[in-house]
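First chain written, first letter: the chains are A, B, C and D, and each begins at residue 1.
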Amino acid sequence: MRGRAIAIAAIVAGIALLLALPSVLSPFQVRVLQNLFFAAALATAWNIMGGFAGYWSFGHAGFLGVGAFAAALLQEHLDLGSPAAALVAGIALGAALAAILAALLAYPVLRLRGAYFAIAMLGVSLVLSELASNLDILEGGVGISLIAVGPEWMAPEVFYYGVFLLLLAVSLAVATTIRTGKLHYGLAAIREDEDTAPMLGVPTLRYKTIVFVLSAGITGAIGAAYAFSLGYITADSGFRADVGLDIVVYCLLGGIGTLAGPLLGAAMMIFLTQVVLGNLLQVHLLVTGILITTIVLLLPNGILGAFARRNRRSIPAPVVAATLSPPIGHGDAPVLMLDNITVQFRGLRALSEVSLAVPPGKIYSIIGPNGAGKSTLFNVVTAYLRPTEGVVRYRGERIDGMSTLHLSRSGIARAFQIARPFQGMSVLDNIMVGALFGRSGPRDARAVTEAALRITGLTDLRDQPASSLPIGHLRRLELARVIAARPDLILADEPCAGLNATETLDVERILGDLRARGMTIVLVEHDMATIMRISDHVCVISAGSKICEGTPDQVVRDPRVIEAYLGTPASKLVSASLTTAVD
Amino acid sequence: MTSMTRRDFTRSAAAGTALIAAGSRARAQTAKTVTLGGSIPFSGSQANTGLNVYEGYKVVVKYVNEKLGGFKVGNELCKLDLQMIDDASDPQRAVTLIQKQIDEGVNFFLGSFSSAIVLPTVAVTERARKPMVQAGGGSDQIFTHGYRYSFGIYPRASRQLNSFVAMLKGMKPQVQTISIAVTNDPYGLPLAAGATEALKEAGIKLLETYKLPPTVNDVSGVLSEIRASTPDVLLAITHEDISTLFVQQMVSTGTDVKVLYMPLGPEIEQFRKTLGKYSNQLLTLIYWEPRVKYSDPIFGNAQAYYEWYKANSSRVWSNQSVAASCCIVCYVTAMQKAGSLDPTKVRDALAALDFTTMYGRVKWTPEGDGDPVLMGPTVGQVQNGAPEIVYPPDAATSKLIYPMSKWAERT
Amino acid sequence: MLQALADGLLQGAVLSLAAAGFSLVFGVMHVLNLTHGVTVLLGAYLALLLWRILGIDPLLTIPLVAALLFALGYAYQRLLIQIAIRRASLMSTLIVTLGIALALRNVLTLVFSPDVQAIRPSYAAEHISLGGIILDVPHLLAFAASLLLLGLLAVILDRTSLGRIIRATAQQPLAARLCAVDVEHVFGLTFGLAAAFAGASGVIVGMLFPFTPTTEGYWTLYAFVVVVLGGAGSPAGALLGGLLLGVVGSFTVRWIGPAFPNAMAFLVLVLMLLIRPNGLLGNAFGASR
Amino acid sequence: MMQAAPLLLVEAVGYAYNGAVAVENVSLTVGSDEVVALLGSNGAGKSTTVKMIAGALRCQRGVIRFDGTDITRLKCHDVVERGITLVPEGRLVFPRMSVRENLELGAHARRARPRFAENLDRVFSIFPRLAERQPQLAGLMSGGEQQMLAIARGLMSAPRLMILDEPSLGLMPSLVETLFELIGGIRTAGISLLVVEQNVHQALSIADRGFVLEKGVTTLSGTGAELLHNDFVRRAFLGH
């Protein structure tokens, strides 16, 4: 644990240095640092939402303005005795109002994604700015003066240097706690692939709301302190739309999604515009514009690289003997029941009256030529698709209406055909997402992850970034992630597609190992060799309906299967020779 | 510009040569540079007015340094060094860069343009006990903080329309009703509040006050209500772009009023050029006019200043540029009266100033804004393309045309 | 009431034309072009020059201004936007266009000074009254010109081979490549077309509203609202979105207060995004979430 | 069997999607006026190979020659101008454009424009149903009709070599029969064909020669009949 002690010592020394600085620096330099802390704190708060969850907002100037006006109006209408009390109350109210606004906005706005979310937030901040400047009670038009709150003996720039340093510390602390907790994994899942996230049990809306409210609250607090530091606030200087976009540029420059990125980006831009280019006359916008453009073009992923390529292992827990207790006891009732499922797409019957029952603890394979409706069947079971008719039952309980999140909670996990790893994260972290949001819970998530690594033979690749894995390993990572959630029923969608011989055998070994542990597996696969080797039971689908069912040997011999697979034989000769060749 | 009478010309020439003679003798000594700091918005919505203020500063500094070869403070020859920074309408940037100038030992500051920038920066210079003379921030709140080192050429916004309302009271036939259109910003709202107060005392009925957002592209809605309520007077307190829009749309929708008063717009030449004959008979707020007969300690008189301005500036003069020039004249005079370059001594000299400059009489209220009566604006009216002073009578250069002729009858 | 409706429609038509270019770029390439407002102003300033120096009536300068800006738009896409799309994500391409917008706004200020300009054609003062409603001639001509130009854009997109290629590339870029379409070239043409129509709308904007380099922000923001309201990609979407926005603005002025048209416009933007993100007519080239 | 130099020569080409190898080593040839089948199970790398030939993907290894000239580095629209047209997997018709406009787009290539009318007549003769449905939006047509339109669109660019990527995918079995007869019809119009198919039987019934692709490598080639009886083919598809 020597490493941790050094780290703490370094932080303490850093803080001592930062607090001593003002006495050494000139007032101008102190003000530059004050502006730097202000920008860095705002960028860090924005990054929690934009970087960690991948939701870019162009409207954070709205929260800044709400904080500023809350503090200004509070100290104008309410005498709180000492100036310090006015500042603290102002910051508290600013944070609270911004957080409440975010909470109210959360449900409607967080349903939007990408550019639509960004523009919606821009719209919100513009509405607030217009209301502030045109509603008399908000006095944004005429402007509000704020009382000086710094202690008489201390220079204002030194005082606000401390205030904004504190706010930056708070902002960083919140960002760090998010990064090291279960929340971070959930957010990574949301950022990387929000459609897959619920399948792994990540409560996407709840997590997005938490992060949105936190990010807004901090921005509101900073807005309040900003109002006091200026001493006079109007709608323009409070809801500065350009600040709303500047903080995005800071994060882009530093490295979106990293902890130090926003800090680095803010430091560079403030230093460049206020120190190096301080005395440029009449070309301020030209230089800033060209600066922004070149930065984004030259460093698309920012200085620190995108999404924290060097991701620290987050939960250093002791490696306990990996045990994977078998799923909760099950009799011999079928785990999964489908009766006459029909799915109709604009006139095309993808599935017509398909019924099947999956026995527990077995590998149940579904095969059929391309385009027979296998994937559609899969989407019905994993609640991606509501069947036009028919019922799906899991352990007796009807699930065809359930949300994917609820399904994964009740023990159904799906391994995708096109492996969807979280590119920016290591192999271990990818599996941790499955473990954390599965049914094992954070305490022994680490142990379950180790077990999953061992079963899928990925232990020595644990720190590799997922993006660099070849297809074979990616497929095993997908399985490991599913195993880590300790499901009862695994739905594997063509796990062997595109694998070479050895990789296919690995996957088959893993599936066999899971069956031995009592898990039930439904397999959709093309590779007939795999089907024949590992399936306990096979069901053949062709042109949307079930044509036969039974053990692998029975099914392969059935003429209807051969015909469905190889197409209608042009001449009797061909079919004759084929049937005899099959032993 | 009416032709100069011979007498005026000789008088100003004599005054000018006297100063030059003093200046040449002094050139032998090495001159001490006195830096004037401060920030200007070169981008953002106030950029055009910011540029006019900057021209006003540059022209006087050039005259003092090059024409006069400097100015004497005690027995020391000084030259002026203008160090303005671009605050890009960002208060944080302005405050930071002005702090830098204070650290570098700049003792005297000139103000930026909009109140949102002037207020935070004046707090910094006040704390550093450096005087700031500005011709930009009109908002009352600059002068209600009890700052001692802050001086503003313009009287606080709420008192700027006193002369206009006084004129309305005395106009025959009687003015009964008035409507106000005002932009929601720190300059417009106090101006409107002051006017509303004065109108109540004057017994003129205020029909409606239309409040407008800072950016607007259509006022036809307001105009159709005005056509319905037919007020005698329309007072439009809007920045130059919206003032132009107002006149354009009043003309194109045939909305006529007896009196149209716009504090910002008609006094700017580009505004009059754009609107041509439709800018005639518009009333505005005039602080200065090339034909005024004021003497000036540096230029000799207003005419000499105007000639020098035209020769040395790429932009046409405006109220703000002359007021900006006046700031520097005040500084130079105060330094010479204080006989020292110590900021606090100069500050005391500034506070005591009561003299005539090419801009007019300069005397400050205890809070630092221009004395509303002495430095208050006169009422001007655009008559065949040029602004004429029409009120108060003693300063008038022409008779008020009232009521305004209809837009359609303009030739 | 009728006056409010008339004012709203007249104003709305200009908003539609000004947003048409932005809508085309967003519909075809899913790029949010923040430089759109500056392109509109470039059109206004070019018309101002031609009007002031050569005395040509602004409406007659539209073809020349449009041609100039077509070339500018094409070059802008091929030299910068194409690189940005390849190197960075779509969202950061937006930041690139922001950088260029700031730089160009500064260049306009240096070249044309920050003073308020306005183009006053000979008929600037005339107005007609139609059954109690007063309609000014500049706005009427602008209304007609806007409808004409939007119609022209619709014809170009629906009838000409250029339009066909643009629509095909928008719907299925890979299939377009396989039909021997040089997709990068088509994106350049799309940007050129968008810039040309933005420039044309700039001429009309210059005629109706006093402008300074700073007003470019207004036109970019309002293009957003029109596109979200009406739907991206099609001139019909831009027209519907613009007219609706104009009417909403003028009724807000009458019944809520002259200070709130902007607030209402942005409120409409947010509400539309929540209810129908793809706008009333949907994305002309296939829904993009 | 083919003395003249092949129309299309693909030598040891390879491609990997950021790390994951999709095509390791594929070589094949297509003679003029010949129909060649490219067989292989799902994920064997068939689509990737044909996209490289058509220039939609930049080939990372190996050489592609067409009519004697090296086209490995050419951009997609230049490859089409030289006479290679790919009817992509999943058809990719222009959904919100009419049948007529889809066909006009197909003739966008400079080589095809002068012979637009002539090509159009031929297409309408091969696919009479398209002639009736000219104004209809392509997106509203059935899978089969869209497949016919995609092929017709390919024909409109007057290709010398036409590549069909899984034309039978997702079609009703009855339609597959008529589709392959139509494809046969194209052959007589003097166009070489490269048909990529999983449906072994149908493909080999119209092909002169075939290549089998397994896990990104061309493992086997031969005449249609040879391949049909080869138990390796049966194992590659029936998996045991």
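Please note the rule applied: contacts are C-beta pairs under 8 Å (C-beta built on N, C-alpha and C of every residue); 3 or more make two chains touch, one makes a residue touch a chain.
Just so you know, these numbers come straight off a predicted model, no measurement behind them.
Taking A-C and C-D together, the chain pair joined by more C-beta contacts is A-C. For this pair, subunit B with subunit C, the centres built from the Cα atoms lie 38 Å apart. Measuring from the averaged C-alpha position of subunit B to that of subunit D gives a distance of 78 Å. Taking the mean of the C-alpha atoms as each chain's centre, subunit C and subunit D sit 43 Å apart. Shared interface positions of subunit C, defined as residues touching 2 or more other chains, are 105-106, 109, 257, 259-260, 262-263.
Residues of subunit B in contact with at least two other chains: 42-43, 184, 211, 213. Residue positions of subunit D touching 2 or more other chains: there are none.
Pairwise, the chains that make contact are A-B, A-C, A-D, B-C, C-D.
Of all residues in subunit C, only 161, 164-165, 167-168, 171-172, 174-183, 284-286 touch subunit D in the complex they form.
Contact residues on subunit C toward subunit A in their complex (touch as defined above): 30, 32, 80, 83-84, 87-92, 94-96, 98-107, 109-110, 221, 224-225, 228, 257, 259-260, 262-263, 266-267, 269-270, 273-274, 277, 289. Subunit B makes touch with subunit A in their complex at residues 42-43, 83-86, 88-93, 95-97, 99-100, 102-103, 115-116, 119-120, 123, 127, 139, 141, 144-145, 184-186, 188-190, 211, 213-214.
Those residues of subunit A that touch subunit D in the shared complex are 347-348, 369-371, 467-471, 474, 494, 497-498, 500, 526-532, 543, 556, 562, 565-570, 574, 577-578, 581-582. Taken in their complex, subunit A has these residues touching subunit C: 56, 108-109, 111-116, 118-120, 122-124, 126-127, 130-131, 134, 245, 248-249, 252, 282-286, 288-294, 296-297, 300.
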